[in-house]
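Each of the next two complexes has subunit A plus one more chain, namely subunit B in the first and subunit C in the second.
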Partner chain A sequence: MRVVLLSGGGGGARFARGLADVLPAGDLTVVGNVGDDVEILGLHVSPDLDSLLYTLAGLIDDERGWGRAGETWSALGAAGEWGGEDWFRLGDLDLGIHLVRTQRLREGAPLSEVTAELAARRALATSLLPATDDRLRTLVETPAGTFPFQEWYVGRGHRDEVTAVSYEGGSEAGPAPGVLDALAEAEAILLAPSNPYLSLGPIVAVQAIRSAIVSRRVRCVAVSPLVGGRSVTGPLDRMLRRMAGGTTPEHVARSYDGLIDVLVIDEADAPAEAPVPLVATQTLMRDRAAERRLAETVLGVACG
Partner chain B sequence: MPVVVVPYRGDSKRRLPASLRAAAAVAMLGDVVAAAIQVGSVVVVTDDLSVVPRGASGLADPGEGQGAAVAAGLALVEGHALVVNADLPCATADAIRRLAEAGLALVEAPDGTTNALSLPDPSVFAPLYGPGSAARFRAHAPFATVAIPELEADVDSGEDLERLASRLGARTRALLAVHA
Partner chain C sequence: MRVVLLSGGGGGARFARGLADVLPAGDLTVVGNVGDDVEILGLHVSPDLDSLLYTLAGLIDDERGWGRAGETWSALGAAGEWGGEDWFRLGDLDLGIHLVRTQRLREGAPLSEVTAELAARRALATSLLPATDDRLRTLVETPAGTFPFQEWYVGRGHRDEVTAVSYEGGSEAGPAPGVLDALAEAEAILLAPSNPYLSLGPIVAVQAIRSAIVSRRVRCVAVSPLVGGRSVTGPLDRMLRRMAGGTTPEHVARSYDGLIDVLVIDEADAPAEAPVPLVATQTLMRDRAAERRLAETVLGVACG
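Right, the complex of A and B next:
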């Protein structure tokens, strides 16, 4: 069964791994967020694509939830000693992928091609696509000013309240090669338990992707990233309260207005009412078995 | 506001005509949920999570019978719970409200099985479904038996649907009109 997943890193990447575990090889296409891509020390870093790649390839540090297992940070420390920017935690192992990606991009290869090359090095059975090859950046508006996503999230420790989110370049960005074909051929479209504003918003800010989902002929199912009205990690609960007025399944569903047919929520948030049918299950992915269970449940919702 | 638990199995209506079995089961579920969401939040416990109607929260049926399905739904409820079967296409919001107001109560089907329960304390529930279950529920706890015609009329066969035609909910009626 061909499935397209729209995802950020973190919980989205774990859900992607669950899907990859239960679907036949080759049936899963993951469209990853690039709105929080950032240039650090001259390197092009794609944090969500990296999280997806590391997770699907078994390289992720599962406990920390980001970066590679067995990571160290000597190079970053040395860069800092020489006066380089060291607020974004590039690990020594992690640097490898950024060096290779940056070189290939400088040679003129589009991000989608570079991503495919990187995935091929690990023989992934999952197609990993960036939402777009064009420049698209998430901007976070706060009372202290407007910041590029990583500067606010990592640099300022996401302490400022968010009043609005915008996607610079979103209206001009075209979908990366393969994204529209995958959506057209999909038997189900899934939205990962990622942040609707910061992870999935930038993907559907690409108008052709949004249009393809709005005019879908198959079911689109989103998994709420909230458990008991709270984010598992990150600032989503605060953002939803401020920007949507609350953290119930209804508020989450409204952030996907027109895009989804069903919202999968945690049992802690049920029963509830929303503009779309809800399905309650245990959404917290404590281990690989829980990732697979959630994946199977969501596929059951999408396809019956 | 009570929470209404609706157990639903896609494969349970074997005596309905094959041509409309699946569609009729979903239509009846839709009518029950449409009535129930006017009374409280609705949890549909089902083996087919792709059919959960708008307004409801679906929950996977653990697959150990109706009693276990209802118990799984009740586990999400704090406070007053109602259990309303999915094969009651004549159910109305008013009928479900009357059930809720009856305290610890049940609605008995003509064949002695149980169509609906009102559980002010959900922990009173026990998995007693099956033939003669209404009497078993009454023996288990002081359930009042309330006569609510809209909740007594369960549908097992095509004849049931024909007999109840004028009282059916909108979805089930529309389906029959298409098939007539």
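Right, the complex of A and C next:
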């Protein structure tokens, strides 16, 4: 059963791992968010693609939820001592992938090609694609000003309320090679339990991807990232309250207007009303078994 | 007493530290070799400037003789696993300086400016200048072919005999800002106990630097890098035998033809004949005290 998942990092990556565990090898394509990408110390960093790679390859620090297990921080400390920027936490192990990716990008390879090379190095059975090879950056508007995503999220500790989100380059960005084919061949399209504004919004800001999903002939199922009206990690609940007026399943569903057929919500948020059918289950992925259970449930809904 | 030292890394850097220890703050300018510079994983690496910086700033691994004390190797290992080049040993702490330097160079800052910024970060009392801001690369000719320096030295473990050395870009390279002024104002010019072909050759391959030394009005004293006809580290003795016909003080002195007034040699190489006066002393720098003793002896010779 060919499945396309749109995903950010974090919980989205864990859901991707659950899907990869239960689907036959080769059946899963993950389209990852690049709106969070950032240049740090001259390196191109793709945090969500890295979280997906690290999670699927068994390298992720599951406790911290990002970066690599067994990480150390010598290079960043030294860079700071020499006057380099050190506000964005790049670990030593993590630097390996940023160095290799940046070198390939500077050689002219598109991000999708580099991502495929990196995935091949770990022999991933999952196809991992960036949403776009073009420059697309999430901008966050706040009362304190408009910031590139990482500057707001990491640099300012996402303390400013978000009044709007926009996607610089979104209207000009084309889908990365393989994305539209994967969507056309998919038997189900899934939206991971990621932040609708910050993780999935930048993916569907690519008009061709949005159009392909809007005109789908298969089911598209989203998994709500909220549990009991609150985000598991990150600032989504605050954002939804401010920008959508609340954190019910209805508010989540409206953020995917026209894109989804079903919203899978946590039992803690049921019963509820929404413009699409709701399916309630346990969405909190406490361990690998919970990731697989959620994946199976969502695939069941997508086939239903 | 204003002194200019031409130096590579290794023993040259230790001699520089001895001079910095015994000279009044601000009196020493070190002109460092950049012929060894290399691009690794997209980073500009300046091994000799780094050895000088690390040694003068107290960061060097004195036992290993290069790189930083307390070094780890996670990033390079990870880069290799992702398909990056890992033949050149870049430590995690070491990466800090390469990231910062490379970012500044890409921003358009010349190497001399970046080097000054790095030295200022450690409040060095010694002025550290690259020989040139231009691209100048040492090429090593061997029976197996011609190689960029690091490819031969690190990549092939400097196992091939060297039949000739050349300096790509040398004839076009101009001196870095400050080098000619420092030479003009110097009360003594010193050549460190570095490899004449691989460390000092690339510096005097910059014609304006060579001319300034040839037409000097102060003494220029070189310290032989050989002890008992053998190199303390590195392949110099083999190179001298093959390219100059032997490893006596005369062979060393001839490699500095027209550039020096006196050659300081180790007691193990005395007595000897040479085209310039010889001064014999203990040149092996076993510890910081030995570095200072050698520095004082050489400064005495330069003033004599």
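In the analysis below, the second predicted complex is superposed on the first by the 304 of 304 C-alpha atoms of A that agree within 3 Å, B and C clash if a C-alpha of one lies under 4 Å from a C-alpha of the other, contacts with A are read in each partner's own complex, and residues count from 1 in each chain.
Keep this in mind: a contact is a pair of C-beta atoms (placed from the backbone, for glycine too) under 8 Å apart; a residue touches a chain by one contact, two chains touch by 3 or more.
Predicted model only: the values in this text are computed from it and were never measured.
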First (subunit B), second (subunit C), both or neither touched by A:C303: first
Touched partner set for A:L278, first subunit B, second subunit C, both or neither: first
First (subunit B), second (subunit C), both or neither touched by A:L99: second
Contacts of A:W82 with subunit B and subunit C, given as first, second, both or neither: second
Which of subunit B and subunit C A:A244 touches, first, second, both or neither: neither
Contacts of A:L180 with subunit B and subunit C, given as first, second, both or neither: neither
Partner chain in contact with A:A109 - subunit B first, subunit C second, else both or neither: neither
Partner chain(s) touched by A:I265 [first = subunit B, second = subunit C, both, neither]: first
Residues on subunit A lying within both footprints (that of subunit B and that of subunit C): none
Footprint of subunit B on subunit A - complex, ascending: 219, 249, 262, 265, 267, 270-273, 275-281, 297, 300-304
Residues of subunit C that touch subunit A when the two form their complex: 41-43, 68, 72, 74-84, 91-97, 99-103, 106, 117-118, 121
Complex interface listing, subunit B residues touching subunit A: 3, 37, 41-43, 48-60, 76-77
